[in-house]
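Just passing along the structure, written as structure tokens.
Per-chain numbering from 1; labels A, B and C assigned in written order.
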Amino acid sequence: MRDVPSQGQAFVADARPGVPAIDIQGVGKTFATDPVGTAPVLGSIDLSIRDNEFVVLLGRSGCGKTTLLNIVAGLEAPTSGQVLVAGRPVTGPGGGKGMVFQQNALFPWLTARANVMFAAENRGLGRGEATLLASDLLRLVGLEGVDAKYPAELSGGMQQRVAIARALALDPAILLMDEPFGALDEITRNEMQDELLRVWQARQKTVLFVTHSIWEALMLADRVVVLASRPGRIVLEQEISALRPRSRSSLPLVALHEAIWEALRER
Amino acid sequence: MTGAVDRHAGTIGVVAFVLIWELAARLVWRDPGVLPAPTQALAEAWTVLTWDVLLGHVGISLFRILAGFSIAAVLGMALGLACGWFRGLSLALRPLVELLRPIPPLAWIPIAIVWFGLGEPSKIFVIALGAFFPIFTNAYRGITMVSPVLFRAARTMDVDGLRLLWRVAVPAAMPDMATGLRVGFGLSFGILVAAELIAAERGMGHLIMEARQLGHLGVSIFGILLIGVVSMLADHQLGAAIRRTVGRWARV
Amino acid sequence: MGRRLHHWLPLLVPTLVFVVLLGSWEWAVAQGWLRRLLFPPPTKLFASAVELARDGVPLGKTLLDHLLITIARIFGGFAAAVALAIPLGLVIGASPFLDRMMAPIVGFCRSVATLSLLPLALVWFGIGEASKIFLIGYGCFWVMLSNVIAAMRLVDPVLLRAARTMDTKPLRTFTHVVLPAALPRIAAGARIALGVGFMVIVGAEMIGTTMGLGALIMEARTFYRTDVTMVGMVTIGLLGLAISLSLSQLERRLMPWMPAHSGAGP
């Protein structure tokens, strides 16, 4: 039996004080297709994420950060260990874990608004409510007047804004983001980071965000978790207390950039 | 000036083609029994055919196409989608389809006559059979090639089971299904003509065969062009319908 | 053990389905549920195939005779069409104006049902070989022509610009850049054209001839030899399969730089 709260109920209500929003306990992963003797994709990861915390997983390609995110999402099963979301073990996808993918994962046959409504209707909202919510969320992510457009008619940045609105329409307690801005040009990417922070501050979500860009991590995170590969393991954890909006020329951040760079390069 | 010539290049081409044909027929061949000029063909059709007869032939042909194609569309899409979704069914059914597919549709005409006689069912059977394969194959390919990220996204939104099939897999397969329908529709015209040439008392294919036997070659040519025009118009309608629906969000 | 079974399943199940199907067909005929005349059972088909291959029925021509005639007709028409369509297509495709001028004509001639020209072919070429080759040639030609034109128009302009930066002479650009770049689509066109020719021949042979596989299956019907019709159909299917397989072999030889198009990419 999958543990799915009754439809329409806000998942935030599950959050209890003292219980971490996401609790990753000794999670390891080995692929069946790996040759014998290779180190596992993930060794044994322990990570606890507070309510409304913005955590960025940072690492090279192939360090297992996306695998870890998929395990939290319930899209892949860990070989060992477990993940608790709001105190309950993850057994599958859904159940209020919103996810934004790197590739465009919008349904191409639905308009921007219908894509967002799709998610809203899945948690039991009626058509009218879903329409209102979709319009609200699209406005929240900074999209006006594109409700009736199809994904193919939108730019990459706009598509990812719709994808964020769609994930938010689930009213998730946690938001999982797999290099969501990885395919965008740097200028759009920086704008999207600002937008995401604004949305995050407006809606108060726990965010687990995967990236391979050190600056992206530094601009966004409450806490940066640096992963090294084979076996995937945490090599550095760093709280960032600097107030947002942050500046790339701020000296503490530049120093931190240097430290993370060292941590990544040692391996 | 050159701009105008350039813009109407297509019209110029068609006019030139008809003109060359007309002149060649009247000045070089000079035998309407071998090569009637376009005007001669039209005139002959005008005197030999009546509207009732003509519409009767066109009507019965369209009925056969519509009946055969509809059966093929329903069966082809349903089975193609089902095979793509249920692995067990695909294991059992696809080898059978692959086995029959290399046999060209027209080769089924004799056996169809044996099984169903010379009436409508044998023609509808052959048309349906011919159109079935591209429709089936495209539906199958469409649903098996859906980008996995769409399924992952749907699962993060609590969609699974038949809802995943109906709300995600089927719409995602639509562009391929549209291609299959179009190919199948084009095929069914070719098959129709063959079936009507070989064994029919009515229909556009029969019209051109009969006209030749009666020595009205101009009427034959008129019939050939008529089939071309009708199939082009029908294909155009289908294409427009696809562009209005699937074409709004996908390149088809 | 379990994994091994899983490995063999894709081969096992179709074989099983096939055997069960043939078996129940045979059985249903033996029980009298299917009429022997309409659905000759597999064993009968096998016997007929042997008879047809050795002695030939009903007109004394063996299966091989019919097969060779059909093959000769297909390749005659196909070769003529390709020989005409490639140079013509290269010229039309090289000029945007010609392309637009010819587009409606090519489009219309392509959508004219090839077999509908049969009455004309009979008047122009009689009921001999020429009329069949004309029909196959017509069907192949327009498909081939439109594909050659499209192949020319779809050559990546970057390649042409690259050639210009290397001071390539026009003729050399054509032979060393345009032609190889267009070749995959031309080859694809040839494959489609041959498929069309294959469809046309079966229909063309059903009228006014006694030789060829199309004639064989049509004639056999009038002698109530449904078994011969079915054997002929299977032969036609195998011929189609052999043609398309050898064509993809040829393509791989001709264009070693193209990835083999077997199934889905990654």
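Here is the rule we use: a residue touches a chain if its C-beta (ideal position, glycine included) is under 8 Å from a C-beta of that chain, and two chains touch if they have at least 3 such contacts.
Model, not experiment: these values are computed from the prediction.
A.B. asks: Which category does the touching pattern between chains fall into here: line, ring, star, complete, or other?
C.D. replies: Looks like a simple chain-to-chain line, open at both ends.
A.B. asks: Can you check which chain pair, A-B or B-C, has more C-beta pairs in contact?
C.D. replies: Looking at contacts between chains, B-C has the larger number.
A.B. asks: Distance from the CA centroid of subunit A to that of subunit C, rounded to the nearest Å?
C.D. replies: 52
A.B. asks: So, what's the distance in Å between the C-alpha centres of subunit B and subunit A?
C.D. replies: For subunit A versus subunit B, the centre distance works out to 49 Å.
A.B. asks: What is the distance, in whole Å, between the centres of subunit B and subunit C, each centre taken as the mean of its C-alpha atoms?
C.D. replies: A distance of 18 Å separates the two centres.
A.B. asks: Where in subunit B do residues touch two or more of the other chains?
C.D. replies: Residues of subunit B touching two or more partner chains: there are none.
A.B. asks: Touching subunit B in the complex: which residues of subunit C?
C.D. replies: 9-10, 13-14, 17-18, 21, 38, 97, 100-105, 107-109, 111-120, 122-124, 198-199, 202-203, 206-207, 213-214, 217-218, 220-221, 226, 229-230, 232-234, 236-238, 240-241, 244, 264
A.B. asks: Contact residues on subunit B for subunit A in the complex?
C.D. replies: Counting only subunit B, the residues touching subunit A are 147, 149-150, 152-153, 155-160, 167-168, 171-172, 174, 246, 248-251.
A.B. asks: For the complex, give me every residue of subunit B touching subunit C.
C.D. replies: Interface residues on the subunit B side: 6, 9-10, 12-14, 16-17, 33-34, 91-92, 94-96, 99-100, 102-111, 113-115, 144-145, 186, 189-190, 192-194, 197-198, 204-205, 208-209, 211-212, 217, 220-221, 223-225, 227-228, 231-232, 235.
A.B. asks: Would you pull the subunit A residues touching subunit B in the complex into a rising list?
C.D. replies: Where subunit A meets subunit B, its residues are 4, 73, 75, 92-95, 97-99, 101, 103, 105-110, 118-119, 122-123, 150-152, 166-167, 170, 176.
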